[in-house]
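Got a structure here, written out as C-alpha cells. Questions coming.
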Amino acid sequence: MTETLADFLDRLNHEIRLAGDWGSVADYIPELARVDPAQFGIAVALPDGRLLTAGDAETGFSIQSVSKVFSLAAVLGRIGEQLWLRVGREPSGDRFDSILLLEQEKGRPRNPFINAGALVVTDELLTGRTPRQALSELLGFIRAAAEDDAIHIDKAVARSEAETGHRNAALVHYLRSYGNLRNPPDHALGTYIHHCAIEMSCVQLARAGRFLAGLPDAPRMIAPRKVRRINALMMTCGQYDGSGNFAFRVGMPAKSGVGGGLLVIAPGKASIGIWSPGLDGWGNSLAGTLAAERLAEVTGWSVFG
Amino acid sequence: MTETLADFLDRLNHEIRLAGDWGSVADYIPELARVDPAQFGIAVALPDGRLLTAGDAETGFSIQSVSKVFSLAAVLGRIGEQLWLRVGREPSGDRFDSILLLEQEKGRPRNPFINAGALVVTDELLTGRTPRQALSELLGFIRAAAEDDAIHIDKAVARSEAETGHRNAALVHYLRSYGNLRNPPDHALGTYIHHCAIEMSCVQLARAGRFLAGLPDAPRMIAPRKVRRINALMMTCGQYDGSGNFAFRVGMPAKSGVGGGLLVIAPGKASIGIWSPGLDGWGNSLAGTLAAERLAEVTGWSVFG
Amino acid sequence: MTETLADFLDRLNHEIRLAGDWGSVADYIPELARVDPAQFGIAVALPDGRLLTAGDAETGFSIQSVSKVFSLAAVLGRIGEQLWLRVGREPSGDRFDSILLLEQEKGRPRNPFINAGALVVTDELLTGRTPRQALSELLGFIRAAAEDDAIHIDKAVARSEAETGHRNAALVHYLRSYGNLRNPPDHALGTYIHHCAIEMSCVQLARAGRFLAGLPDAPRMIAPRKVRRINALMMTCGQYDGSGNFAFRVGMPAKSGVGGGLLVIAPGKASIGIWSPGLDGWGNSLAGTLAAERLAEVTGWSVFG
Amino acid sequence: MTETLADFLDRLNHEIRLAGDWGSVADYIPELARVDPAQFGIAVALPDGRLLTAGDAETGFSIQSVSKVFSLAAVLGRIGEQLWLRVGREPSGDRFDSILLLEQEKGRPRNPFINAGALVVTDELLTGRTPRQALSELLGFIRAAAEDDAIHIDKAVARSEAETGHRNAALVHYLRSYGNLRNPPDHALGTYIHHCAIEMSCVQLARAGRFLAGLPDAPRMIAPRKVRRINALMMTCGQYDGSGNFAFRVGMPAKSGVGGGLLVIAPGKASIGIWSPGLDGWGNSLAGTLAAERLAEVTGWSVFG
C-alpha cells in the first residue's frame, strides 16, 4: 500500500467513529454496563519495535476473557500437555457460558476458551498455590510479557462480577460434580473472576501479545511450539460460536473479551490490541471485529494467503 | 533443515510403513471397505513448479469429501456471498453426517463441509443445470485446476454409495422439508454422490490445490479473497469434529475424505496431496494426519508462527 | 350431576361455538389447510351401549396420528412384546416430527406415537405383506373395532401428504440408515401416509375406541393386558410434548391427530371421539382439548381420583 | 382373587427375597451407600382403614425425592397455579439431575420432580420463611398427612449430601443466573437437601399418601382438584426418564427416591409405601418397581382398565 500503516490506523479510527455503529455493552456485569460504548482504540506492535496507535489506545479496559490466553500460556508453560486430559481442543459451537456440552461430555470442557474450560485452566493455575499467589503469578506473567508493571486488577469489576456471576458459579460446581476440579469451587471461581478483571490498554495488550506473534523484541515466555498451539486454539475457538465467522472475515488468530477487548496475532508480523466496548450478537466487540477485518484486508496479514 | 524436502518425504514414507499403524478403512461404503489400508502416498507442489512425491503418490483413490472444497470453490466463483444465506460458516462440533444441528438450526447447515452443507452447495451447483451438466462442470473445474484431463468419476464407488447412503438421503429430504433445497432430492443426492466418487491420485490432488496455495504456476480459478475464505473454512471446519485437533497439531488448512485423502494448503508455500485409506475415530486419515503433522514440524509451514 | 350427560354435551357444543377460539388448521398438508376451523363435534360411547353426540359428530375428518393407536394395537396383537426392541416407551419431550432424539438414541424412536416410532410400527405391519395388504388389514381392524364398514381412506389427503411430506421421508431414510427399517423406505412411507389419511367421524372414532375403554359391547380386539399398555402409552406420550399438560388438565389417556381429531379413553366408563380442526401450539386440537377437560371435570372421569 | 391381599403381600415379600435381584444402592451420597440393598418392605393403606404390611415395613429410610410430592402439595396448597409460571408440567426425557434442558428452556425446569424443578418448588416454600421455618412447615405437613409426629429429618444424611451434592449446587446457581430463584442459593439448596433427608418407613409413607388416594380416613390436606393434578404429574414425570416404562408396567401414579422408596397411589383404592434400597438404571428401586408391577397385576389397580 502507498498509505502508511500509521495513516491507515488514523483513517480507520475516523471511519469507525463516523459510522457510529457501536453495538451494546455487556449488561450482565453491572460495572461493565456503565462503560460508554462510543470508544475505539487500536495499537499495533511491529517486528521493528515500533508501536503504532490510534484512538483510545491508552485507555484502560477490563480484558475479561482475553485473560484466558495468558492463563492458558502460563499453565501450558508449567505443566504442558497433560492439561489436555482435562480439557478438549475443539470449537464448541455453543455460547461461551454454555453448560450443555459439559453435560454431554461428562465434565470435560470442549476447549480452554469457553468459560468451563478456562475454569479448569484456572484450577491448574491454583495447583500448589493460594488464590492470591496464583493471581500474583499470572499478573507477573502478563507484566513480564508486556514489560509493564502498571498492569493491575480492577477490584470494583471483580466485586461486581462476584455478586452476579451465578452462571460461572454453576459451572464450577458442575465441574466439581464430575471430579474435574481439584480446588474448592470458591477458590477457582474467585481466582477466575479476578484474572478476568485485569485492566489493560490497547498498548499494553499489543505489547503483551508480542510473544505470541514471535516478534524479535518479545520476552520469551513459552516455547515456540506452544505459541503455535495457542494461536491455533485462538483461531478455532477464540471467538466462541463466532470463531468460524471471524476466521472467515479476518483470517488471524484472536481472542475477544466481553469488555470489548480483542488481541489479534499476525504471526511474525504484528501483535494487535483493539478495544471498543460495544458487542455483537456473539459477545465480541462489534467495531473491534470490523477494525480487525479492515486491517487484514489492507495489510494482507491473513494467514490464509 | 539440512535434509532436503525430497529426502524428508522418503524418510516419512518409510517411517509410516515401519510403524504400520494404519487405522481402519471406512466400512459403510462397500466399495471403499475393500481397499487395503496399508498404503500411503504424498505429493507436494512447490512455488518453483517442482512436485515432490513419495510412496503411492500416483495411485488413484476416491476423494470423497475432499471434493467439497472444489464444489464450494466452483459455487463461490459463480454466485458468491449469497451462498451464506443458505449455509453457515461455523465449526459444527458434530459428526460429518449429523442431522442434529440441522434441526436445531431450522435446516441451515452449520458449514459447507458437513454433509448437509455440502448438499446445499451441490444444490446451488445444479441451478440451471441437469445433474449431468453440473457434474461435467465440476469435473471440468477440477481438471482445469490440476491441468489434467484424466481425472474422472469412479462409477462403481458412486453405485456402491447410492445403494447404502440412507443417511444422506435423510439429509436431503430434511433440507427439502425446511425449504433449503431447490432441486428434486434425488437430483441433489445423485450429483453429490457422484462428485464424492471422483478418483484422483496424490499428485493430481496436489496440483488441483495449487490455486488455494496461491502458487505462481496455478491456473487462476477464483479471486484471491475467495481463496482466503475457503482456506479459513478448511482450517475451522475441514476435519469435522476433529478440526480443532488438526489445527492444533498441524496448523494448516486442510480437507479430509473418508477415502483417506487429505488436501493440505500451506498458503504461498505448497499444495500437498496425502493419501492413506485407514481412518481415525473422527473419520480422517490416520497416517495421513500424522504425515501432515510431521511435515509441518519439519518445514515450519504452520500458519501459526 | 343433575344435568344429564346428553344435556351437558349440548351445552358444551354451544359454549365452544360461542367462544369461537378455534386455533389454526395444520398448514403443512395442503388438503388439510383448506378445512374450516370453526367446527366441533363430540361422541361418547357408554357402557350401556348408548352413544351420545353433539355438534358435527357425523362429519368425516382425517384422523391422521389417531391412526397410530390402531396400528399399534394391530401390531401388538400380532407380534407382542418384541416390538419394544425396536421402539421405546418414554415420552419424548420433543415435537412429533423431531429427528433429534433419533440420532441421540441411534435410530430407536423414543415411543410409538412420535412419527419415527409410528413408522417403525408401520414397518412391522408390513412384515410378510405388501403395502396394499397391510393397509387393507389395518382398515379391517378399525372397521371391526367400530363395527362399521364405511370407514375408508381419503385418497386426496394421502396424495397431498405424499407430495409434501419431506420430513417423514427423511425419518424413514434415517431409520433405514440405522438398520431399524426392514422394508423399502417408500413402502413404509407410503403405507404410513395412507393409514394417516383414514377418514372417520366422531361417532366412528368413539365406537372404534370402545375396546380400549373395555366397554361391554366392544368387539374383543386384543388382550386386556395390551389394552392397559396402550392406554398407558396414550397417557404419557399421546399428545407429544404436550402430553404432560394434557394429563394434568384432562387426566385421561388420549391420542390426538393434526386433523383435529382426539380419541379419549375413560377406562370402564366411556370411549370418546372429539373433533375440531383448529390446533394449539403443540399440534393438538384447541377446542377438542378444552372439551375433553370440561368433560373430565363434569363427569369425574379423570383416572387420577 | 381368592388369595387375600394380606396373603399376597407375604408371598410377594418371600418371592422378592428368594429372587435376590436387588440392584445397587445409590453411591453418590456416602450415607446412603452404606445401606444393605437386601431389604424390602411394603405397606398398603386401604379405604376401610386397614393397613396391610409385609417385610421391612417399619424400617426407616431416607425418602429423598419422594419428598418432592409433599413439597409440591404444600406449595400448591399455598400459592396454587402461579407455580406453573416458574416450572413446567412435561416429562423431561432426561436424567433427574440434568442441566441440559434447563439451558435449552432458559431456566424454567421441565417439571417439579426433576431436581431443578424441585429446587424451584423449595424456593417457593421459602417465600416469607427462613429455611428452618420452611422445613418445620413441610415436616408438619407430612406429619399431619400421616398423623404421625415421629417423622423426622436424618441429619447425618443431610450432612452427607451437603458435602457431595455439587450437581445440585450447580443447578441452584444456574436457576439463579436465569432469575428463577428468589432466595439465596445456599438457602434453597440447604432446605432442599434437608427435606430430601426426611426419614420414613413404608407404613408412614403409605399413611402420608392417603390424601392423594382420596381414602375416607385421610386428613384433608389440599383440594381434590389439586390431588388429581399431583397424581397426573406423578404418572407422567414421577420416575424421571423411566416414567413411561413405569406407567406401561404398573399403571399407577408413583414417585420414587434414590433411597429406594416408592409412593404409589391407586386413586380411591389404596396408598402404597414400598421400599427396597437397590436401584435400577434409571435410579428407581429395582425390587420396589417389580413389587408395584406385581401388585397392580394381582389387584387390577391399574388406572388404565
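Letters are used for the chains, namely A, B, C and D, taken in the order the chains are written, and counting of residues starts over at 1 for each.
FYI, a residue touches a chain if its C-beta (ideal position, glycine included) is under 8 Å from a C-beta of that chain, and two chains touch if they have at least 3 such contacts.
None of these values were measured; they are calculated from a predicted model.
Under the touch definition stated at the top, chain C and chain D share no contacting partner at all.
Taking the CA centroid of chain A as reference, the farthest chain centroid is that of C.
Centroids built from CA atoms put chain B at 32 Å from chain A. Taking each chain's centre as the average of its CA atoms, chain B and chain C sit 47 Å apart. Mean C-alpha positions place chain A and chain C at a centre distance of 55 Å.
On the side of chain A, the complex with chain B involves touching residues 88-94, 101, 110-111, 212-214, 224, 227-229, 231-233, 235-237, 241-245, 247-248, 251, 253, 265, 267-268, 302-305. Here chain C touches chain B in the complex through residues 98-100, 102-104, 166-167, 169-171, 173-174, 176-177, 185, going by the rule given at the top.
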